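Naming follows writing order (A, B, C and D), and every chain is counted from residue 1.
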Amino acid sequence: MSPSLAVELADLKLKNPILPASGTYGYGREFLPFIKPDLWGAVITKGVALVPWTGNPPPRIAETPSGMLNAIGLQNPGVEHFITEALPFLREYQVPVVVNIVGRTIAEYAAVAERLSEHPEVSGFELNISCPNVKEGGIAFGTDPQVAAAVTGEVRKVTKLPLIVKLSPNVTDVTVIAQAVEAAGADCLSLINTLQGMAIDIKKRRPILANQIGGLSGPAVKPVALRMVWQVYQKVKLPLIGMGGIISASDALEFIMAGASAVAIGTGLFRDPSLPEKVIAGIERFLVEEKIANLSEIRGIAQG
Amino acid sequence: MSPSLAVELADLKLKNPILPASGTYGYGREFLPFIKPDLWGAVITKGVALVPWTGNPPPRIAETPSGMLNAIGLQNPGVEHFITEALPFLREYQVPVVVNIVGRTIAEYAAVAERLSEHPEVSGFELNISCPNVKEGGIAFGTDPQVAAAVTGEVRKVTKLPLIVKLSPNVTDVTVIAQAVEAAGADCLSLINTLQGMAIDIKKRRPILANQIGGLSGPAVKPVALRMVWQVYQKVKLPLIGMGGIISASDALEFIMAGASAVAIGTGLFRDPSLPEKVIAGIERFLVEEKIANLSEIRGIAQG
Amino acid sequence: MYQVKAVITENKFLGAGYHLLNLLVAEIPEAAKPGQFVQVRVTTEGNEPLLSRPISIYRYDAASSSLALVFKVVGKGTDLLAKRNPGEIIELLGPLGNGFAIPETAKRVALIAGGVGMPPLYCLAEKLIRKGSKTEFNLFYGARTKSDLLELSAWERLKVKIFPMTDDGSYGKAGLVTESFQKEHEQTPFDFVVACGPQPMLKAVQQIALATNIPGQLSMEAHMACGVGACLGCVCKTKSGYQRVCVEGPVFEISEVLWE
Amino acid sequence: MYQVKAVITENKFLGAGYHLLNLLVAEIPEAAKPGQFVQVRVTTEGNEPLLSRPISIYRYDAASSSLALVFKVVGKGTDLLAKRNPGEIIELLGPLGNGFAIPETAKRVALIAGGVGMPPLYCLAEKLIRKGSKTEFNLFYGARTKSDLLELSAWERLKVKIFPMTDDGSYGKAGLVTESFQKEHEQTPFDFVVACGPQPMLKAVQQIALATNIPGQLSMEAHMACGVGACLGCVCKTKSGYQRVCVEGPVFEISEVLWE
């Protein structure tokens, strides 16, 4: 009998544990020549805000050793455009749709969640709390446990849909934030978002990115991401979505053994749009070879 | 006229800004077939504790994408052995010797510094405050600004030698720690120490390192290191030693342009013992090509 | 848009760091248009370089499943590509981007190429001329020095009038390509201009075009990650806001482009 | 200890993922001793793999500046090394480690090799035999299957008595190499034993040696970074505490080694 890749994530039933990392797969349409959205266990969309965001000036991208920096600045066309353009497209594929939400204030997060909860095509939310927080004092929402809990709690009030909170790795102790948002009503945690980094053009004598600082992703960050998944798994009961540098089935399995219920692929898509397919096939092969019937047998097994 | 690579670091006068990163160059003897200690601007030693430390069980090392994890556990023969074995060897080379200090309590740090301050061969200290702190409550010294300041202050009391404090990158805001140790009497800051990470062996279904978690170093971390040097440069007046992933002159120049007065090479030594020589030559070539007379012309220039 | 493996049939050193890469590849030559590009994975070994490299299509021929690229070694990606040997396989994503669109009414077109901006312009001219276009093409081709002027014999075979320019005067006239374009344009006005090259050149071309009120197109460059429009990493500033060079571009109407 | 460039003169596929690498290289063959190893930078391109790979010296000859390694493809480093072609250059650090030290008094020595642990034992036997050693060498060589038993003809030329063993019985006897060693040892005792191979095999050899009170040496493996003793990354547990495999080893007295 062939092994099962199916997993449950909060109330979401996924046929496989492979998801696109928010912001690397747009709203699904762009990769269509290579990936049908229903290949994924669920689609996680690019961040959606209450109103359109312009994003940062270019250059927005710099390559680094086994990684890349991005400073897109969460450019997005806003929730209304998302409803009229992206949702009808995704509806066709009958795949769970998790909408990643960004906001400049707690109220904005809640407003987007409330607006989208009316739409049956939306299966859940992922809160990107790594945006710089303007109203609440200029700190990022995701680095202060109280603020992170507050965002989670406010969104919790306006929706019954599964609520995933995406954790920032730029913190002293990720488990503190994880526990705070668990207590505030999150159903699932995803991690990691990008690590803050910089690259300098020595000829031009200035940072490569117009925004100076950007978010590091790709294989370079995998050890940090794995460590954080492993640590958070010990401290919370919630299911975890692991991500950060996955470019092979073996990478994905590392995250699952660290404790992830599902994993997301971001930067890896850019170098190989057929990666999700390969990762799914590779996990299946591993389960067969190692005589594992389903993923729960190995989830968190590296905890010892 | 050929450009000058000389820099001043606290009270240390260095003929060039290239130093070995603590723990990657032992006490200098091991690399002797390839590197004469006086090649460096100054030697930074492997961490020295008050008493011998056994270190962690193996495996202590795992390779990761463009990086490596280590969990040596600060194995070292203790300060007395250092005085009888390492100091006489280094004395011959007339190179400034900065002793990296580790401790399990604040008193241990101070005791090592006090003991070594009597020795004229010792030119300064670097405090490794990323060790897990046993006595003061189990948090690492380097992640709490109060504790970091306390270690710095106590060591400051027992020595007049230049005091470098080495910052951990595993914090929400490195500038807070930097400012705290500046206020507590540090003369110079070095950064970054390793980022906490993990790698899992999917065949064995457990972390590769016996210690489970290790410190990530190498090119993978360079963007994070550069960003932190760039941020700290804006917030403190102290000179900075930048490190993390340097494997070329161009990498070293990125750190200098971000604000570093000197840079250290760690993991890069392992893949190429002739790297320091190449980096020194490469920086010199760059200065000539770009008509720069000395490094202060470009230090921090990427700050804009 | 396809993800395909390509066999290197030739990797010809053109001198001064330039290479002509001839590839045997399915799908892409059938779908390609002049002005489009491909994302090239320069190596199959390891993670580095992590990202693919965007390279313009220089020539393509569906009948022979052939695709040609011209590139310059400027960093580690192009350096690795330069070292690949015939018989080796590389992976491509393409064709990507929108491509040029020259109005049928254009009678006299100026093609303005700076350095390694030449390949897509050749592609455009070749396809139109082979299709029997009556348009008169003039190539203004600027480079630092003689060895940076590539494939001049191919251009000559197209019977395009060439205005070569080098910074050091080692071939053609000395000076900027935009100067010779401007002079020619003043004498006998062009009714369309197409430019690809470094940003200062594009800016100068835009200025002349706007000042003399002729339409045209610019082919833009940007650092890219996905190449397919998903990551929003490659935008450039236009009158309609930030636009993706990999989807809405690389070719933009000359009047649309703004600069940071 | 030298950092040198080596030219690959041959990269011979020995079957089943094994390769014999013949190198032309200065310094190292002159300084080498059996049991030592080199750190190999498998590629000169990019950062990956970041660390060098430790490989034992299989053969060396100072007169012809030649060095030979035998390795098995087990991961990305050895895979890249397997793909290098004759004429290409790789970088080596070496010779590293302490090497074997067989007491002159040893009359009858058991060499116990598991899989790719064979090369340093060959190096040892060859050098001693060529020097005219009167010692009787017996090779117990275990592997999974026939194709994993390498270079048997080279061993035969040394006129060493060979006890081949395979897990599946496809060549020699079926079973563990330590069983056949134990049997032979019971019949005609050895007075010294040298072993290199996987840890379970080394443990078993140690047990037999300690039980029968014969001296010997084990060659250990560890993940390495610097290879020269600076990083303390490669330690193994011994009676004198953690010892560096790259300096105090890879060869340890059989009674010294402890296990985690």
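Basically, a contact is a pair of C-beta atoms (placed from the backbone, for glycine too) under 8 Å apart; a residue touches a chain by one contact, two chains touch by 3 or more.
As the structure is a prediction and not an experimental result, all values here were calculated from the model.
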Item to check | Centroid-based (C-alpha) most distant chain relative to subunit B | outcome: C
Checklist entry - In whole angstrom, what separates the CA-based centres of subunit A and subunit B? => result 34
Checklist entry - What is the distance in Å between the mean C-alpha positions of subunit A and subunit D? => result 47
Checklist outcome for this item: Whole-angstrom distance, CA centroid of subunit C to CA centroid of subunit D, is 55
Checklist entry - Could you say which residues in subunit D touch two or more other chains, in rising order? => result 47-49
Item to check | Set of subunit A residues in contact with two or more other chains | outcome: 65-67, 218-219
Next on the checklist: Thinking of each chain as a vertex joined to the chains it touches, would you call that graph a line, ring, star, complete, or other?
Outcome noted: complete
Checklist entry - Which subunit D residues qualify as touching subunit C in the complex? => result 43, 45-49, 76, 80
Checklist entry - Residues of subunit B touching subunit C in their complex? => result 65-66
Checklist outcome for this item: In the complex, subunit A touches subunit C at residues 23-26, 30-31, 33-34, 46, 54-55, 57-63, 65-68, 70, 72, 75, 210, 218-219, 247, 267, 269-274
Checklist entry - Tell me, which parts of subunit D touch subunit B in their complex? => result 1-3, 41, 47-52, 91, 93, 222-237, 241-242, 247, 260
Checklist entry - Which of the residues in subunit C end up touching subunit B in this complex? => result 47-48
